[in-house]
Amino acid sequence: MSSLLQVRDLRKSFGGVAATDGVTLDIHKGELHAIIGPNGAGKTTLIAQLSGALRPDSGVILYNGANITRRPPHRRARLGITRSFQITSLVMEMSVLDNVALAVQARDGHSFRFIRAARKIAHLRERARETLREVGLETRADAPTAELSHGEHRQLEIAVALATGAEMMLLDEPMAGLGGTDSARMIDFLKRLKGTRTILLIEHDMDAVFALADRISVLVYGRIIATGSPDEIRGNADVRHAYLGEE
Amino acid sequence: MDYTLLFIQTLNGVQLGLLLFLVASGLTLVFGILDFVNLAHGSIYMLGAFISASLTFLTGNFVVAVLLALPITGAIGYLIERVLVRRLYARNHLDHVLATFGLILVIDTTVQILWGPAGISVPLPAWLNGQVELFPGVVMPTFRLAIIGAGLVVAAGLFWLVNHTRLGMLIRAGASNSTMVSALGVDIKTLFSLVFALGAMLAGLAGMLIAPITEASINMGGEVIITAFVVIIVGGIGSMKGAFVAAILIGLIDTLGRSFLDDLFALFMSQNAAETAAPAISAMLIYILMAVILALRPQGLFPPKVR
Amino acid sequence: MKTPLQAMTKTGWITAAVLLLLGVVPPLLMWMGNEFYLLLSTRLVILAVAAVSLNLILGYGGMASFGHAAFIGIGAYAMGIPVYHEFYGGAEAIASTNGWFQIGLAVGASALFALITGAISLRTKGVYFIMITMAFAQMVFYLFQSLDEYGGDDGLVIEMRSELPWINLDDPLQMYFLAFGTLLVTMLLVHLIVNSRFGMVLRVAKGNDERVVTLGYNTYLYRLTAYVIAGVIAGFAGWMMANFSSFISPSMTGWTRSGDLMFMVILGGTATALGPVLGAAAFVLIEEALSSVTVYWNLPFGLMLIGVVLFARGGLLGMLHGRRGDK
């Protein structure tokens, strides 16, 4: 199986404290790879380095074989890596469709176009509607984003990531704050999505992770202590120790 | 090259730098602790000059006047914090700038009403008004040396505050308000008022010290505030060390640029061209310095900790 | 299906009414023999053009530039310096009273200044950006002040207004309509820009930079482009201002002038089409009214500005809609 994303000995520290302490990771093309770990394990720092928001102190990140370690986030997005945010970063004052259309617009050539109204460009709107259909939000397309429920916001967050046409999606706790039904719907949705994209999933909800992931990596204090199939991880003594020691 | 002039101008540059540091340190202290941008800081500097001028005439003694004017300026700062500034902490930096922009108009017009539109020159006592021969042939006005001395003493005091007190430790750590409360166990509102008052006193002191050289005038505040901004941008906003280094650097570059740039230019262009270009370039010199430093280090020379 | 008139929003009606008022009342007053109000309105409209351009970057782009008056100064000096040389010799290459040439110079110089200072200051955020734009504008101020040939601190009286085909700027009415026409064009342009694909990127990046970057946009370039566009428009306003007042001086670029422009935008309501125009009108008219009452008009004016920040964050337009502040 070929690796889409390769991370080699990635290190990042803040004021002497190592948040990422030599992470090596391979994400295979098409898999749903979950990263789990106790609080403060450095999951958010890791995802920020993969998306380009943070620059690692040392180490290498390869995407499709190309070294992207020092590429800024917008260029990584153009290569096909995008991320969702834990704290919803949608534009609340605009409509649901507007939020998705901006993502569609990102892969429709450059946007240094000043005259035609963006909301009147049919193919952008149409593709945005298609994406909303895909995530089951098409009926809410014209609602102000602020009016959506928390569960819908999380769905829309993923719709925006999808609409960029990214091949690789970094999902930062898409289940965070979701209740039972919403959570089940999200798991359902990610199951359908699985296989169409390469997904790196960071998630606290263990049921979700074990239901969804092809492979799981366990991050503890900035290090990957184990990687394997859900069954392998379940039976791994180190992992149990790390979690038991933590809780 | 005239080495005597170079030496004297270097001292003048240091003196200007220390005055700039007094103004910039107050700005940076208020920004570092209160996270507040005070555009009216220059107006307090101007107010300090006028108050000390009046007190000099009243008491007949400049030094006594400064000692009296300091607590008065501090009290005015305290009042401004209580009445206006504390309502703005929850707002963004732009609101700080806009509200204190309005405050400038209020302070400047009040000064104009109280003291009239003309500038006031401040007489010095005889012992400060003379000159000192530092080396044979190198003569400096006593008062400029006194400014250097006073500036260094205040700078030392501020460094002690920042490096050896718990408050300073929190400033260096870029602590938030709530961590300050729990770490210091103090009434944060009073602390903020006092810090603002201290900042006002520092600006006021700078105004009092410059007044005998330039006279107290209404537009002196507007001129100094931008230069003080350049100082803290170059030094790194919120950094006391940065403010000191940048203030001295800018004081020197500005003073030396104005005196020697035409000679320097004449080395590689015609005398005529040099005399035309030098004033324009020296007027822009510190801004060019700022642009170059920002292009290389967008956070300034001594970037503060992440807030 | 609604007709275009029925589809107009309340804001649309207010905008149309205000613009109609601006287009009709000052010329009417002139016709009734009251030239003073036409001149006041001309200044108002020119400042409104600059305020509308500032709103593009401040209101829609979230760039709190405190140095926008620098562009007015650059545009004004690009008008005044060629005229000076036409009359007093020297600098043959730029000596001219030709309006097109001066406009080209004003636009070019503003664009260049915006490009260089924007490229540096847009690498920073928040309070750094405010202070740096302020400092760069002050640099222009000191540069003009050091130019002894053009009057230094005292400024320069302009001997002759720009020559343009079909329009005679010595006629106050024609000058007014040039300014008013520019305002309409600028408002339309900004309206198109903020609703275009470019504008969508700019507006969303205002509050959500990281999100827009992760979509694949280099937000820095979008901001810089908007900054240059706004600078060019303000530069053109400066060219008009020099023609209007027949006088240029460093004080046109002073940082308090930039503060005035910023207040016009905030006063009227940021990120709205009409806000900056209302703000400029209110600013100029209140200033005029207060200064006719007392020489110390800055005192109540300053208190009013503080009051606006404390109590009226939505601006005048927000109040017209019965909203009190948006944040």
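Per-chain residue numbering starts at 1, and chain names A, B and C are given in the order in which the chains are listed.
We adopt the following convention: a contact is a pair of C-beta atoms (placed from the backbone, for glycine too) under 8 Å apart; a residue touches a chain by one contact, two chains touch by 3 or more.
Keep in mind it's a predicted model, so treat the numbers as computed, not measured.
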**Request:** Take each protein chain as a node, join two nodes whenever their chains touch, and name the resulting shape: line, ring, star, complete or other.
**Result:** line
**Prompt:** Which chain pair shares more contacting C-beta pairs: B-C, or A-C?
**Reply:** B-C
**Request:** Using mean C-alpha positions as chain centres, tell me how far chain A is from chain B in Å, no decimals.
**Result:** 48
**Fill in**
Per the C-alpha centroid definition, the whole-Å distance linking chain B and chain C comes out as 31
**Asked** What is the distance, in whole Å, between the centres of chain A and chain C, each centre taken as the mean of its C-alpha atoms?
**Response** 43
**Complete:** The residues of chain C that touch chain A in their complex are 192-193, 195-201, 204, 207-208, 210-219, 222, 225
**chain C partner contacts - residues on chain A that touch it in the complex** = 51, 53, 72-75, 77-78, 82-83, 85, 89-91, 94, 98, 101-103, 105-107, 111-119, 121, 160, 164
**Item:** Residues of chain C that touch chain B when the two form their complex
**Value:** 64, 66, 117, 120-121, 123-124, 126-128, 130-132, 134-136, 138-139, 142-143, 145-148, 254-256, 259, 262-263, 266, 296, 298-299, 301-306, 308-310
**Prompt:** chain C touches which residues of chain B in the complex?
**Reply:** 31, 37, 84, 87-88, 91, 93-95, 97-99, 101-106, 108-110, 112-113, 222, 226, 229-230, 232-233, 237, 279-280, 282-284, 287-288, 290-291, 294-295, 298-299
